[in-house]
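Given below, in the form of structure tokens, are the structures.
Next, two complexes with chain A in common: one pairs it with chain B, the other with chain C.
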Partner chain A sequence: MAKFDENARPFSEKWLDERLGVVTLKKVLSTEYWIPKDINFLWAMGMVLAATFGLLLISGIFLLMYYKPDAALAFDSVNYTIMTEVGYGWLWRHIHGVGASIVFLIIYIHMFTGIYYGSYKKGREMIWISGMLLFVTFSAEAFSGYMLPWGQMSYWAGMVITNLFSGGSLEAYGLVEWIRGDYVPGDAFLTRFFMLHVLLLPLVIIGLIVLHFGTLRLPHVNNQKGEEIDFEEAAELYKAGKKKESKVIPFNPVFLSKDIFVMGVYFILFFYLVFYHFGFAMDPVNFDPADGLKTPPHIYPEWYFLWSYEILRPFNKDLGLIAFGIAQVALFFLPFIDRSPNVAPAHKRGLFNIWFWVLLVDMIVLTILGKLPPEGIYNDLGLVSAIVFLLLGPALFVITKMEKKI
Partner chain B sequence: MKEQGRRDFMGMALGGFTALGGLGALYAMKRSWDPLPSVKAAGFTTIDLSAAQENVLNIEKWRGKPIFVLKKSADMKADDRDVVVGSDRFHVTIGLCTHLGCIPAYLPGEKIFRCACHGGEFDASGHEIFGPPPSPLEIPPFKLEGTTIVLGEEGPEFKKMKDAGLIA
Partner chain C sequence: MKELKVLAVVVFFSLLVYWGVEPFAHGQMHKHVDGDKFAYSDLPEITKEGDAANGGNLVMGAGACLGCHSIESQGMPAPMDAGTAAASYGVNPPDLSNIGALYDEKFLAALIKNPAHALNVEHKFDPAAGKMHPMVAFYGAGGDIDQEVADMVAYFKSIAPKELSAKEAFDNACGRCHAMRYDKYTQLGDTPEFKYEKDALAYQIKVLEYQDHLKAYMGKLPPDLSIIIRARSAHFLETFVENPQTQLPGTSMPRVGLSKEGYEKVEAYLTEIGDPSKPKREALGPWVLGFFVIFSILAFLWKKYQWRDLH
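== the complex of A and B ==
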């Protein structure tokens, strides 16, 4: 039996520490979790994402109070009940819609920051892989959520995406019907995607966020120069009061205070969008109720899926599916394709710098083309950009293999 | 050592039964995702072909899917995939693009179907003539009864097309 101080006041720090180890926990997770000083605002994106996820969760809880997962009722429960009857229902919906869109913008910034500074390399592979798992789960979460208002875009996006599972010439329509629970997206489809969206996938996301934080604890976050810091030595300096000489700061309260400043700036933008410019996250086509006998003239996904959608488009059915499949999983392997020994920002890594900017520009071009109608010159441009994207993988291997140790 | 053997055996026995139960649970989960019997059973559509006009596309519904019914005009090429009723020829297909399942629009002037999603085109017989569609528009199982057609049932005409590999 452990020792318990009989005089400790209930719920005092000592009392809690004896029962829960809160002092150790606080040290490990916050006051003695060391963050390098040499970072910039891009290092705040992780906490910005966590906060945005929090907003999505809270707004989602309130939407859940009035949403009806039934093909006959869903559309009106969103567009009539929540939007016009529920007090501040519009607020939750607009936070949820804008949040779902902006969270991907921040995810992409977060990812490209990691790629630019080589934060997926040498001991940080699990950070990258757990982050990619989060990206994929967030994508599934966004897609399943997009089904719920049961408008035209919900229905037809559901139709097109579930059809992908027929595997092209494999013609696995049994699998497609199994996923839908019907020959076409219908009530069974809506209710199962509702389940995924409000329970299963959020559970997975929360678990993955914990894992993602866990993967950071031992290798620590990277810094602007990719410098290998002796964290124990730097921590001793800091604790000895030599804060100026030390290369690190504690996560809480020093790093977090910087994070919260960035979050403050971000939330100004976020709520500006929620109150004045929510339209970008609300496709007008989705304000028509789902109709299985009428395809909208153009079907396109939300902006954050456009780059991978565009990789699907310019090829024939089977090749398109293969290219699409490769695009979905290729980034997972980044830590293993990059053979360079250097952990350094891209601008110090020669050819890798060019590779990085080609990747960024190519994904932006694919995103733009994905929104344009598939005709004429756009088809050719789409084909070229898709091929460039696919070639970037092998190119990275060759480039980093040749890279000299800095 | 003997203790270890005992423990291993217990572990394997527990693992085995757990795996068995897990498999059973997985099967139950798979079955829960299956389409319901009521969904599968609802599924015959009867269409009267006698009222159709030439070069005017009628869209019917079968198992939630749109069905194209187009009475061919004399200048359209006859095809083995046509449904023949007396002297009239009909194009009867599932109105979903064989690429990713959007509904192509019929352009009566050009006498083709064009899909808005990815630009695929089909001729009046449902053959793919442009873009990503890998195969012709699919023919649903049908049975002719005089001038009416029943979808969801395989009649002799359908079986003949199926044997000739013309369905899709």
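== the complex of A and C ==
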């Protein structure tokens, strides 16, 4: 058995350290968790995401106290009880709605940052993969949450998305019914998506966030130049007081001080949207109650799913599903498709730089087209951009194979 | 500075996505309808000077308005209750006490002379096919019909109250077809409190019976408008109420004929019930934003302090 100091005051640092190892824990997790110094504000997106997830969790807990998962009651519990009768219910709902939309903007910025600086390469593969798992789980969380107000778009988006599981010409309607618990979205459908949204998926997300943080530990955070740093040596320099010469900073308080400033600016934007500009995150169509007999003239997903929706749309049923399936999993393989030995920002990597901007612009074009009615020129543009997206995978393999070591 | 350049790139692409999926896509999805600002330019101007006293005589007498309508403010009760009226006409005819304050006068004149035309429902009511509008047109009392109609409109304006509440406006203009369940309001008006459940149920049956007549008349039950203010854009609602056919061709909803001021009252009621947090948002917003501005300034100073000897 370990030795315990009889004279240590209960709950003093020493007392806690002997029982929980708090001193070591604090060093490992914060004061001696080393982050490169050469970073910009994009490196704060991880903490911004964590904070947004926190806001979603807290606002979600408050909403959960009044939400009723019942096809007959859900709509009014959200739009009347929470919005009218519950004190600050409107605030929690707007935070939750805006948070759910904005979290994807930050996720995309975070992902493109990772791609631009090559932060998925050479030992950092698991960071990328766990991040992609988080992206997919957040998508499922967003979709299941979108069902809960039981408005027109909840119902019809639920109908369309669950229909995808029929597998086109496979006509696996049995599977679709099994997922819905009914022939069409109804009470059984709503209650199971409620369970997923408030229990199973948040648990998975929390677990994945821990994993994602864990994956950063050994390969360390990347830096603006993609430079390989000897973290132990740099940490010694820092601890010896040679802060200017050292290439690293401790997570707490130095890295965190910058994160918190970025978060402050982000929260100004966030709450501006919550109070004055929430319409983009709360589609008017969903303020009409679900009606299985009245199809809305336009059915479209929220903006963050539009690019993959547009990959589904321009092809015929089966090809569309295959293309959609490829688009969903393709990004997982990024670390293995990129054959280049260089960890460097895109602007140092020649053809990869062009590839990066084509990917970004193509995904934005797909996103915009995904919301436009599929008519005339938009159909042709959609087909071209979907094909460009699918070709970007093999293209990456070829150009990174040719890339010379810097 | 390099970070600002990076920020500019991030902001540019974020705004591009926003522009594409919000203003641009919605502009492509919904056809733009130019409103008429409640001018009703297609209806003829009233050319005669109306005489309210004579108008009153016509309304009570030869005009035969009171056969179907009430004028509560003048002590004229409705000839039958709402349910029976709906059974006879499809919908309960409106009380005429405050129509002079709510509706455009050109519209009222046109309505008296040719209801189906003024209401823009000629696609539904065609006398040649034997489908008469339940409101009988006024064919004149023997004199100059335009003068007589002008007199009646003058009478309605003379008895109309100076001030109408937002809810009274909704009640007259929309409330005989549309319920507002978030205000405990049905087509029969405000739902009373009942001590015994059987009385509440009996009332509910009356509402359902009324709605059945309305369904038969309109083709479907007109939607509850509790949160329509959030389900449609302000522009859509305004142009739709002004002339439903422009936004939804073939709809059985009639043109309502509200004046601009009348519509603003209706809109105020829809906002009060459908978006009650609006004043709270506006009151709390500046405080929360102010908090985060101060937070960011302090955080910036702390960051400066922590990074002071790093470079």
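Worth a mention:
Just so it is clear, the second predicted complex is superposed on the first by the 406 of 406 C-alpha atoms of A that agree within 3 Å, B and C clash if a C-alpha of one lies under 4 Å from a C-alpha of the other, contacts with A are read in each partner's own complex, and residues count from 1 in each chain.
Note that in this section contacts are C-beta pairs under 8 Å (C-beta built on N, C-alpha and C of every residue); 3 or more make two chains touch, one makes a residue touch a chain.
A quick note: this is a predicted structure, and the numbers were derived from the prediction, not measured.
Legend: residue contacts after superposition of the two complexes on their common chain; A:328 is shown touching neither chain B nor chain C.
Contact with both chain B and chain C is seen for A:298 once the two complexes are overlaid on the shared chain. For chain A, the partner that touches more of its residues is C, with chain B and chain C as the two candidates.
By the document's definition of touching, neither partner reaches A:12: not chain B, not chain C. In the superposition on chain A, A:364 makes contact with chain C only, not with chain B. Shared-chain residue A:24: touches no atom of chain B or chain C. Of the two partner chains placed by the overlay, only chain B lies in contact with A:181; chain C stays clear of it.
Overlap of the chain B and chain C interfaces on chain A comprises residues 297-298, 373. Taken together, the chain C residues at the contact with chain A in this complex read 2-3, 6-7, 10, 13-14, 16-18, 20-22, 24-25, 28-29, 181-182, 223, 226-228, 230-233, 276-277, 280-282, 284-285, 288-289, 292-293, 295-296, 299-300, 302-303, 305-307, 309-311.
Of all residues in chain A, only 37, 40-42, 76, 79-80, 83-84, 90-91, 94, 105, 109, 243-244, 249, 253-254, 257-258, 260-261, 263-265, 267-268, 271-272, 274-276, 280, 282, 284-285, 287-288, 297-298, 303, 306, 360, 364, 367-368, 370-373 touch chain C in the complex they form. In the complex of the two chains, the chain B residues touching chain A come out as 33-36, 39, 59, 61, 63-66, 99-103, 105, 115-119, 132-134.
For chain A in complex with chain B, the touching residues are 156, 159-160, 163-164, 168-169, 177-184, 186, 188, 192, 292-299, 313, 315-318, 320, 373-375, 379.
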